[in-house]
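Let me begin by handing over the structure; questions about it come next.
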Amino acid sequence: MISIRDVSTVFTTAGTDFTAVDHVSLEIPRGSIQGIIGFSGAGKSTLLRNINLLERPTSGRVSVDGTDLTALGDEELRRARHQIGMIFQHFNLLNNRTAQQNVELSLKFAGVEKKERRRRAKEALAIVDIADKADSYPARLSGGQKQRVAIARALATEPKVLLCDEPTSAVDPRTTASVLQYISDINAQLGITTVIVTHEMNVVKAIADNVAILEEGRLVERFDLAELDRPGFRPATEIGRYLISDDITLDRAARATKELSHA
Amino acid sequence: MISIRDVSTVFTTAGTDFTAVDHVSLEIPRGSIQGIIGFSGAGKSTLLRNINLLERPTSGRVSVDGTDLTALGDEELRRARHQIGMIFQHFNLLNNRTAQQNVELSLKFAGVEKKERRRRAKEALAIVDIADKADSYPARLSGGQKQRVAIARALATEPKVLLCDEPTSAVDPRTTASVLQYISDINAQLGITTVIVTHEMNVVKAIADNVAILEEGRLVERFDLAELDRPGFRPATEIGRYLISDDITLDRAARATKELSHA
Amino acid sequence: ATQLAGCGLVGGSAGAEAGGDKTITLIATESAPFQEPLRIAAESLAEDGWTLETKFVTDIVQPNIAVANGEFDASFFQHVAYLKQFNEDNNLDNEASFYVYGSPAGIYSATHDDIDDLPDGAKIALPVDPANNGRALKLLDRAGKLEVAEGKPVTHISQKDILDNPHGYTFVEVDQQSLATTLPDVDAGFLFTRLAGELGLTTEQALLFEEDDEQLPYRVVVSGKPGFKDSEKGEALRSALQSDEVREWFEGYIGGALTTPWDSTPAEDLPKWAGGE
Amino acid sequence: MPSPILPANTTALDLNRVAELWPEIVLAMGQTFAMLIVAIPLAVLAGTPLGIWLYSMSPHGLKPRPRLHRVVDSLVNTMRSFPFLILLIAIIPVTRFIVGTTIGTAAVIVPLTINAIPYFARFVEQNLTQLGSGVVEAARAMGATRGQIVRDVLLVEAKPALIGSITIMTVSFISYSAMAGLVGGGGIGDFAIRYGYYRYETAVMFFAIVLMIVLVQAVQIGGTRLARTLDKRH
Amino acid sequence: MPSPILPANTTALDLNRVAELWPEIVLAMGQTFAMLIVAIPLAVLAGTPLGIWLYSMSPHGLKPRPRLHRVVDSLVNTMRSFPFLILLIAIIPVTRFIVGTTIGTAAVIVPLTINAIPYFARFVEQNLTQLGSGVVEAARAMGATRGQIVRDVLLVEAKPALIGSITIMTVSFISYSAMAGLVGGGGIGDFAIRYGYYRYETAVMFFAIVLMIVLVQAVQIGGTRLARTLDKRH
């Protein structure tokens, strides 16, 4: 279980304060998948980084499985992090290590033995369907391939908590489906608690149990995904309604003529 | 008009050849919006980079508005690129320049005068709704905000051709809509030819006139978007059918029990 | 020109019988009148079964210390005046064993022919090392161009000791080896005979030159710990360095400007210039 | 026998003596500043284009010209091979041509600068090489000239690293410039050697070294601060 | 009076003379190699942890300890402030303790190494500072210890830059080690000075410098190649 209590994060740049996360409280039941959505800059990534204290909140408490992370010393926090996998928005792969070595590294940090590391890294790469690029350096990978390596890296250690920052932003629908399937499987089998930040509504719909909506750092709405199937359900906030609807409708008035011209 | 004729790109790593783009030919009419879709690693980014010769194809020819880019000298190619805007999958912003300065830079390279640069950069940032972060350095921006700066940078110069590599991968639906709206508007008004690589089908559906499907470097299918509205239309290839369907269906058998447990 | 084998039959057969330690270790400095005689000496020593191991240095402090510590049998880089003062300053008792060559110096100029032609405010180059820094000042003092404090050992004299500078000379201190190359940039400069000779200048062309009695402290010596001089090694080294071949070399070097005062010894000369010691 | 490391007339810190030599110390510090103020900016001014050149023309640079690169690269290596003393004599004609003399502070600045230029060029080359290729690629896509890529992209992104390198070079230079003493260039390092080493005035040497440490400390702290301020990546 | 710029006995390249001095040249090259082979690895071995330490404990590092950092930073600055000659005497007890003498190649390697350690530490610090924060962040999130972050992340990512810095240092060292001549360390640089500066045997000096250039060239080309091979960012 992840319990976020009254967490705020304030960035100070050149003397002016900017509140990226504003008194957010959120309880995420063990084994559930929590979606977090919101506009760009709403504070989703910051909140996610607050959970494993990569960004220590300015105020508030975060506990995971009953342990108050905010109260831990450096060493205990480090150990606690072995149980928390993270997929970064910008991948953060090591450039001078191959895909395989990148995955092995997280296993090494988690204390897995050398032989075992090789095996599990290979396995993790196979799950995201990128075993053939195991020996490629990140610079030789496509965007989606890098993202998949990052996913494999986070999954390989079989953490108890998985924090995902737009884990499928760079991958195609098929890969998205297989990644989500895998997350959903291990979530079900191992009871992993998962937090997914995303702006893809179909991802939320496919996998999340519950969704939280952030707006300008504040948690403005939360509802169970089951609600969506309930006839007549409408998100309470305007932003909730907006985000939930997946279609992009452009004003294509100007297009009709053009389409003719090259038909 | 962009004309890609029999373009191949082969990467050589440690002696082994890898064909990322495999004899692709594609004519993109002036003023149209061409979508390119395909699985991760299919060669979409490479093909896009082939168009402005950031990655010079191993063989084949690329011409833009009648000019054979592959035949140009360094200096002519450089000038030709002033007419070709590009949005990168990984943004490629300068870390030591603010958002505003990043945008101004592309205007400077395009030969726009100093005063004019400021005005147009501000304008471009406003279009992607990020004027308030004009003085922030990229490290202080969220993922989506960085992407918007990159979009503003490409749009500010009002190029004749716009190459977009997953331009909305990191932004929420509202921003996606406004960015696409803008691209669609300038496309209509100024007749800009646009190529969009994306894995978001709703983006393709909202904006593209035509979509090309890549698979393992080969162009396997192409159809007009108008076709989609035709009753009974099905993409010819399996991959086409897969990509066109937007839903992610997971095997959620395991979930039923879990949902009960924390209901 | 390869050094011919067969030269240097002169000198110490003394070492031959010694057996055991037949290696002489020497610390020396790097210019021609040090290196070439040593090369010749090494060959003749080798014929007598000696090995001469030479370490070349440019520093002028460590060699005396190294000899005092017993790291080397002897040093060969300094004139007697410097050795004497170094001993006093550092409480060492290294001994001037024997002379190798005389190294007088003078004040030269590339632009003026006479010391009286030096304009007021002339720029004069001095060697920066304390061994020779005061020598130029003493020369100018003798010529009546400066007044320098009396009674100080020459290696302690520096610009600080100028009591009166009526012509307003200015001094620049440079590395002794650079004195030659920088001579055109000053009105006058201190040069050893060696440096002057290497520029093609003779003693006669000097504006001021050290007189015979003034030269006495500036003879270059081999120095060892007390007793080295009379040891088998010291004797062998002396006869190898004070050989006809070495003398010939000096005679051929820069027109024979460097003297080989081997008929006298540092010990007997010391009282002549250092007063009753 | 007393330790020859601390010669017999070694004195504890003798402030009177320091006071007595004060004008000389001030002069020596002034000479060191003169060397720094001329040589470092010149090395940066000349070394930067040279380093950029090395980066650009290298086989993986902006405009690969492998043959020409090899020539210039060798030239830089050649300049870097000279021991200072030999450089000093080798360029005497140049020195005399530029400053009219080969003696004194002004004269020694010439070889010091010539020594520092290829050294800094290597720093520049190294820093540019360490930049990622993404930004250069973006600039190329925008149709930037090579000059623009260098000025507006590479130098901007490498600025903190360059400041760091200038700091390293300046600090090295402060102790290295003690060699100025060879041709009467003076400076605080030479002062320390002259009094401390040759004249055994350990107290004076000690004081001079403290001054050098203070100078180095100031340069290092200032450089580190500036680099950190300019670095916007965090 | 003849030009004092080219002393009287300057000769054109005289191969006989070179042949004559061949054993000395071989010895000098051997001494230079000895200095390089001991001092550079030691400087890297000791300078790397020191540089890592400086990076880690700095106010923005992995484990900020600003007070302690300031102390060690000052110590490094202090070591970097000493002119070589003064360093040489200052550490004489150390040198004697380690190699039993203060004269000769072995002895001069001690101050050369001590000079190189803080110099390389600054390079390491600078290279680590220039790495982006993303990978460190990822490692922290994975629960890596500081040691693991350093060994498995920072040093791996900085490896090409470190190779570049070792190259710069080694090249500087080759010409700098000419100072070994002060206390009989020998080496090819000192050989060049001995014949060129003290004896005006320009031909011999010229030959020695050519050897130095070849050595520098080899180090630079090897270093550049190695760094490029290890750099997987392109």
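So that you can tell them apart, the chains are marked A, B, C, D and E in the order they are listed, and the count of residues begins at 1 in each.
One rule holds in what follows: contacts are C-beta pairs under 8 Å (C-beta built on N, C-alpha and C of every residue); 3 or more make two chains touch, one makes a residue touch a chain.
Treat the numbers as computed from the prediction; the structure is a model and nothing was measured.
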**Report entry** Touching subunit D and also subunit E, the following chains
**Finding:** C
Report summary line: Between subunit B and subunit C, the Cα-mean centres are separated in Å by 81
Requested in this report: With chain centres taken as the means of their Cα atoms, state the distance from subunit B to subunit D in Å.
Outcome: 47
Report summary line: Between the Cα centroids of subunit A and subunit B the separation in whole angstrom comes to 24
Query raised in the report: Can you list the residues of subunit C that touch 2 or more other chains?
Result: 61, 65, 181, 184
Query raised in the report: If you look at subunit D, which of its residues touch at least two other chains?
Result: 89, 92, 160, 197, 231, 233-234
Query raised in the report: Tell me, which residues of subunit A touch at least two other chains?
Result: 90
Query raised in the report: Among line, ring, star, complete and other, which one matches the pattern of chain touches?
Result: other
Report summary line: Those chain pairs meeting the touch criterion are A-B, A-E, B-D, C-D, C-E, D-E
Requested in this report: Can you check the complex and tell me which residues of subunit B touch subunit D?
Outcome: 52, 54, 74, 78-82, 84, 86, 88, 90, 92-97, 105-106, 108-110, 137-139, 157
Query raised in the report: What does subunit D use to touch subunit C in their complex?
Result: 1-2, 4, 7-9, 88-89, 92, 96, 101-104, 107, 181-184, 194, 197-200
Report summary line: Per the touch rule, the subunit A residues reaching subunit B in their complex are 11, 13, 29-32, 37-41, 44-46, 89-90, 133, 136, 140-145, 147-148, 165-166, 169-177, 180-181, 184-185, 187-189, 199-203, 205-207, 209, 226, 242-243, 245-252, 254-255, 258-259, 261-263
Query raised in the report: For subunit D, which residues are in contact with subunit E within the complex?
Result: 5, 60, 73-74, 77-78, 80-86, 89, 92-93, 119, 122-123, 126-127, 129-130, 132-133, 160-161, 164-165, 168, 171-172, 174-176, 178-179, 189-190, 192-193, 196-197, 205, 209, 212-213, 215-217, 220, 227-228, 231, 233-234
Report summary line: subunit E contacts subunit A in the complex at 63, 134-135, 137-145, 148, 152-153, 156-157, 159-160, 230-234
